[in-house]
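Note that subunit A is present in both complexes that follow, paired respectively with subunit B and with subunit C.
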Partner chain A sequence: MNFLPVILWSDALIWLLVASALLLGWLSSRNPPLRAAWRRVGRHRPGMAAATVLLAFVLIGLLDSLHYRPALENKGEGKTAYAIEVLSLLDLVATPLRTRNEKTYSEPLATRAYAKEAIEVREADGSVRQTRDYPRLKHGGAHLGADEAGRAADVGRRLLQAGGAALLAWGTLAALAAGLLAHAEGTTQAAAWRRIWRGESDFAWNAVLGALAALFLVAFPLLALCGDYHVLGTDKVGQDVFYQVLKSVRTALVIGLVTTLVMLPLSIFLGILAGYFRGWVDDAIQYLYTTLNSIPGVLLIAAAVLMMQVVIDTHPQWFATAAERADLRLLALCFILGMTSWTGLCRLLRGEALKLRELEYIQAAQAFGVSDLRIISRHILPNLMHIVIIALVMDFSSLVLAEAVLSYVGIGVDPTMISFGTMINNARMELAREPMVWWSLAAAFAFMLALVLAANLLADAVRDAFDPRMAGAA
Partner chain B sequence: MLAYLVRRLLYALPILIGVNLITFALFFVVNTPDDMARMQLGVKRVTPDAIEKWKAERGYDKPLFVNSAASGAGVLTETIFFAKSARMFVGDFGRAEDGRDIAREISARMGPSLAIALPTFVLGLFVTVAFALVLAFFRASYLDFWGVVLCVALMSISGLFYIIGGQYLISKVWKLVPISGYGGGVEAWKFLILPVLIGVVSGIGSSTRWYRTIFLEEIGKDYVRTARAKGLSEAAVLFRHVLRNALIPILTGVVVVIPLLFMGSLLTESFFGIPGLGSYTIDAINAQDFAVVRAMVFIGSVLYIVGLMLTDISYTLVDPRIRFDR
Partner chain C sequence: MSGADAMPGELLLSVRDLRMGFVSGRRVLSAVDGIGFELRAGETLALLGESGCGKSATALALLRLLPAAGRILGGAVEFAGRDLLQLPESAMRAVRGGGMAMIFQEPATSLNPVLTVGRQIGEVLERHAGLAGAPARARALELLAAVGIADPQRRLDEYPFQLSGGMKQRVMIAVALAGDPRLLVADEPTTALDVTIQAQILDLLRRLQAERGMGLLLITHDLGVVAQMATRVGVMYAGELVEEAPRAAFFGAPRHPYTQKLFAALPDLARRGSHLETIPGQVPSLAAMPAGCRFAARCPHAWARCRDESPRWNELAPGHRMRCHLAEEPERAAPPVARAEAPAAVSAPVAAPLLKVDALRVHFPIRRGILQRTVGHVKAVDGVSLELARGRTLALVGESGCGKTTVGKAILQLIAPTAGRAQLDGVELTGLSRGALRPLRRRMQMVFQDPFASLNPRMSVGEIIGEGMGALGVTPDVAGGQEGEGGPGGALGALLRQVGLDPAAAERYPHEFSGGQRQRIAIARALAVQPELIVCDEPTSALDVSVQAQILNLLKALQDDLGLAYLFITHNFAVVEYLAHEVAVMYLGRIVERGSVADVLRAPKHPYTQALLSAVPSPRLDAQPAFIRLPGETPSPANPPAGCHFHPRCPRASAVCRERYPERSELSATHTVHCHLYPPGK
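Let's look at the complex of A and B:
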């Protein structure tokens, strides 16, 4: 075998999340009210467009969550040695992006570096002359050779090809969607297409296809150009910014999703316990969350992260690779964020459980002698699920934004881990440079905005669909 | 009212003790002072002697809870817990790594923090309420729809970009105000105007959306229908009836953050180089100055609890239906 699979803790949790999302989907398909609510989400046009964009981000993140260590060149017989570097499938796909580093800054699509430096020019007579000029990049546009003037034509040709390919791919998918709808409704393909176009279909196909068109038109040109150019430029140490942005997606997803995994069990368990049993249990749990809540979040996180940093630094023997250490720090950050953010949901669930336990059907169950455990699991928990789902999607975007701020403050992810926060942190002085370096910040801004905006829009759709108070309005 | 306040004060005490215990556990039980010393001294200079010296200088060389070597009350007072945690209740926060008294530093830095946070808060509240009122007035129109879309988009931008973009545009391109810094006296406004502006703009998205839903909820109520039935104009309904009633949830929602204004903002202060409590905290985090972080955690919780009590009082003030003195 020429690679060694590595399962980082965060990978395991990500795939666990995927499994539980599938399980949740299966469970809700068997539960009529939840199924109806998801249908309402499906009709919500901005929500479905946002879901399409989010799905693209999730796919990048999942691709980046399968890790391995490549085998080194086998020197002679004996055991195979594996590289100390942990790579992911995304790294493998993006090998050209990852490995073709320049010396320092270069503009998007540039063929020459951004600052002048002393270079040696060989004259026609063979003598060597020193001059100051913009040096040619090692990799950016290297396929052009001496024909640097042909860059605009080359880029234009690639853009046209990519645009064509995007339209072709989109057309195929659109025809597929129309075909599916026609099959499901027993109409002709043309009729189905008309219904999609006018937004009459039960599922918001037009929003999904619209979002797909926008996605393809952005992604295809980026992909077509990133092979031979630095399509979003390079940063201070010459690393491709497009690669960094792609890697940041996984960090953001882990922070946004794994944190909820930490938070949910705590808030559900304690919230129901407090609301259902009342009395001293309620008092104790209320005391616990009021105390935790009264410490300002950032400071509690700062204190916990500082302490975790001490633990990590004093136990270097725990980690086989740098990736494992960074990964553990990421998980610890998720854990700390989860510990500081479960209180809000817990209070909501407690209030709702207090209300539910006074309803007739619960009192009837108690009168029949049904055990508390069964009442909670059969009657209370399912009726709280809508709050949990709403809280889950609402928290995601705020967690992604929090990561950037925390990394800036210095209490976020490991500095070696690529994330939106570390990207912004490294680039924050670049606008003040003369001439200014704008592409790192712009790329982080655009991708982060796309991710968070999509998450916010989906959260709105889910809230509208699941909140019973909104049901009348929808 | 007085009896109620006393009861609330007594209720706050166990919470403060809980906060104190949590921070103590975080700082001294998870890691021993030896670990902290190793971290502070760096890998190279660590010798057992250096660690002992570091601990002795900062008073970390005592036992955690019980000092069996001491006599009398010293059994409890000659400990890290008493010296570092219990003393916080009387405002003694000890010294920072650079040897300065933390309590004095905090009182000196509160002014600059407030100079930014207070105008941001007041102006932000005014702007967002006004914006939300406009959206509610034009509800279910294109203006409302695009206003909400704008709010969601503004919400989705990281606070870092507001600051970086604002500094770039206003200070570097237009050269209207200095990029960062702080000065006392009359000239201070030059340094304050940009952070305040950015603070207001970055808060518009989420607050406006929240206030708009409060207004819309209020508009759906029966007394509004009555007011309209009497023939009042829409503007009169909105300003005379809806606004005043909607201010109850809005005010009680924001009162809790008023005491926390003293703490300043981490991001704004560090970007603009303002010598307030926020930048103090950030510097302490970067220098891994545990004493300062511990003090800030404690002060933050005290201020939050004060905020909760103010919220309760403001309920009784703005809504005469609520009476606490039973």
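Let's look at the complex of A and C:
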């Protein structure tokens, strides 16, 4: 075997989340009210377009969550040795991006570096002459050879090709969707096609296909160019920015999802307990969260992160690789963020449980002598789920943003871990530089905006679909 | 009340072929379809109909106050010579409030809670009369005095939360009157109020109308209110006006089958023991309006023509018209099917009481301050004693806030009583642990008021009904289960059939059912554990008249078959007359009068009972007793008046009433009353 699979803690949690999402999907498909609510999400056009974009991000994140250690080439016999570098499937796919490092900054699609350097040029007569010029990049546009002037033509040709390929791929997919719809509804392909574009289909196919078209038109050219150019430029140490952006997606997803995993049990359990039992239980839980809420969040997080840092630094023997260490710190950050952000949802759920317990169907259950635990699990929890789902999706985007802020302040993820926050933190100095280096920040900004905007739009759709009042109006 | 029968004034409002609908997705669902009527000054037109018939939508369309999804599809609304539907929005603002004003159903939500009463009246005065400052205040004072608010000077600077429900509705009327409108649109103005307050408000509306010669468009579902208020009546069904008649003709000889059915569905003493007429089915939904006559599916006379052809207006008499093919082919109106069997003389075997409640008290502590110290008690129930035998119905009657629901819940131990005892078949219920109570729970159950809140929307009907059986470990050997089916599925099916539902309903979810069907499900849930006593907490107050009749029939049939005892909590005397054997009248946490239905309803002794009965609007033209006007409103149970609780409002109070609470006086073997007018031992 020429690789050793590595399962980082965050990988395990991510795949656990995927499994539970699948389970949730299966459960909702068996529960008619939930199924109806998800159908409403499916009809929501902006929501489904956002979901398509989000799915692309999730795929990148999942690809980046299968880790392994490659085997080192063995000179002699005996045990195989593995590299101490932990790679993911995404790293494997993006090997050219990962390995082709320049010396330092270069602009997007540049063939030469961003700053002048002293270069030694050997003249025809053998003498060495020193000139000051922009040095040629080692990898960016290397295939052009001496023909640097042909760059524009080359880029243009690739763009055209990629655009064509994108349209072709999209057309195939669209035809496939129409075929699927035609098959499901027993109509002709043309009729299904018309229904899609008039927005008459039950599922917002036109939005999904529209989002896919936009996605393909961005992704295909990027992919076509990234092999031989640095599409989004390189950073201070010459690393490809496009690669960094791709790697940041997983960090953002982990922060957004794993934190909710920490937060949900706490807020659901305590919120229902406080609302249903009232009395001293309610008092105790309320005091707990009001106290926690009155400590500035950043302070609490900073203290916890620094403590965690000390623990990690004093126990180097725990970690076989640097990736494991960074991963633990990421999880610790998720945990701490979760511990500080459960109060909002808890308060919401407490209020709702207070309201629900006075409802007549709960009293009817009490009149049957149904036990409290059963009332909570059968009557209260299912009627709170819409709030939980809404909070989950809405919190995601705020957590992704929180990570960026915390990393910027220096109490976020491990410095070796690539995230939107660390990218922005690094870009801080670059903006003050003359001439300004803008692409690092712009790339991080654009990708993070796309991710958070998609999450927010999906949250809107989910809220509309699950809110009982809105559902009644629809 | 018939002052408005005088000479008709000038034509105020003329509605022609008004159509409006709601946008749903890409379709427009028509909610009001071709309505036309006229209204003259000084006249009251009542729009009558069940919920979902488009009454409120019509009123909103007149004022062009439609919700976001509402669209006016056509027609003309001519008000004082102008077509309102053609006016620009800016001109419409002068009409709203100035020409035509509206009173809404729920006084609690139609006033802005953060503005004083004076500000809210002042707003209208400023817009329509151009008054501000001192003159506006003087005018607001006049208005408050006109709507009968005591101490208007003080009330002007108060906020809505400081006012009681009846006063809020009076303020709402004052706001409506501020623009000096010529037409008042009242959308169920008294539905949210108690009967005594309702009588006050109706009285006020009548007086104001006579004084100002206003036109009044009254929207209601209550035939009693119509009988008292209307000069003409229009009956709406499924977005259409189906019959229009002057009041006398309407109550004397209703002609449309729907109107006839509405009258027949009303419960009262005369129909005791017999089956109430019901209208099968329900109002068709907006999305599935039938072609032809919209009532055809529920009409006993319908024939093929009704299903194909929508009936035209037929003039029956001057001012009396209806949309029904029967007007053209009257021979089709077959004589009504023979009425249900004669009332079975229910002999009353006076057995040992099943339920015995003795001096039950429920006090809720009022906590204040940081330390949450108890500073007082709300005496929701303050010494209630009851007895109820198997197979009998005891009606507990009273206005909202008198503690009748609390009595029901305290008997079921859903609220822990503060003191007193409740015994079920000789077994003490109070003070038992949850475990010890569990075997008793299956013998007593509850049916709740609001069928939309009493069923968990996330559970299927089968799960809802099965929950009690599971929790109490009831073997599904269902009473009346002559099906002989084994297993819980069979039992479930038998239960659903027993309450008149299809056994296939078990797989479905509550939102798929109408209000009446949901109440049947709630009754099936209670029946599932084979109880002997069912506490019914206003089970029909959220339902339309025709559906109410179905539920009352069901309850009666179940009592006859299973020998159930009902503790029936209600404020509706018609239901009491129809269903109950005994009545207990509650006021401020205490029972003031108790006796058989004949005792209490025919010969009420307590002044409160007398006033309450006189305030109930009768859906007939005759037989409306003189209304005994009760001043003020029910005091707070946190601070009940000293002496007899009723003395501040009692027209016959004397000195002794202020000093001590009256003892129980036995007027006959079955009739007792707490009042100093009837000294005990006499």
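Note that the second predicted complex is superposed on the first by the 471 of 474 C-alpha atoms of A that agree within 3 Å, B and C clash if a C-alpha of one lies under 4 Å from a C-alpha of the other, contacts with A are read in each partner's own complex, and residues count from 1 in each chain.
We adopt the following convention: a contact is a pair of C-beta atoms (placed from the backbone, for glycine too) under 8 Å apart; a residue touches a chain by one contact, two chains touch by 3 or more.
Source: prediction; values computed, not measured.
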Using the superposition on chain A described above, determine whether A:307 touches subunit B (first), subunit C (second), both, or neither. first
Which one hits more subunit A residues, subunit B or subunit C? B
Would you sort A:322 into first (subunit B), second (subunit C), both or neither based on which partner it touches? neither
After superposition on the shared chain, which partner residues are touched by A:222: those of subunit B (first), subunit C (second), both, or neither? neither
Would you check which partner chain A:339 touches, where first means subunit B only, second means subunit C only, and both and neither mean what they say? neither
Which of the two partners, first being subunit B and second being subunit C, lies in contact with A:369: first, second, both, or neither? second
Give one of first, second, both or neither to describe whether A:383 is in contact with subunit B, with subunit C, with both, or with none. second
Determine where on subunit A the residues touched by subunit B overlap those touched by subunit C, and list them. none
Listed in rising order, the residues of subunit A that touch subunit C in the complex are 31-33, 359-361, 363-371, 374, 378-379, 382-383, 468, 473
Subunit C residues touching subunit A - in the complex, by the definition given at the top: 69, 409, 412, 414, 434, 437-438, 441, 445-446, 448-450, 453-459, 464, 467-468, 471-472, 509, 511, 522, 525-526, 529
Subunit A residues touching subunit B - in the complex, by the definition given at the top: 287, 290-296, 298-300, 302-304, 306-307, 309-311, 313-314, 397, 401, 404-405, 408-411, 420, 424, 428, 431-432, 441, 445, 448-449, 452-453, 455-457, 460
Under the definition above, what is the set of subunit B residues touching subunit A in their complex? 14-15, 18-19, 22-23, 26-27, 30-31, 35-36, 38-39, 152-153, 155-161, 164, 167-168, 172, 179, 260, 263, 266-267, 270, 281-282, 285-286, 288, 290, 293-294, 296-297, 300-301, 304-305, 308
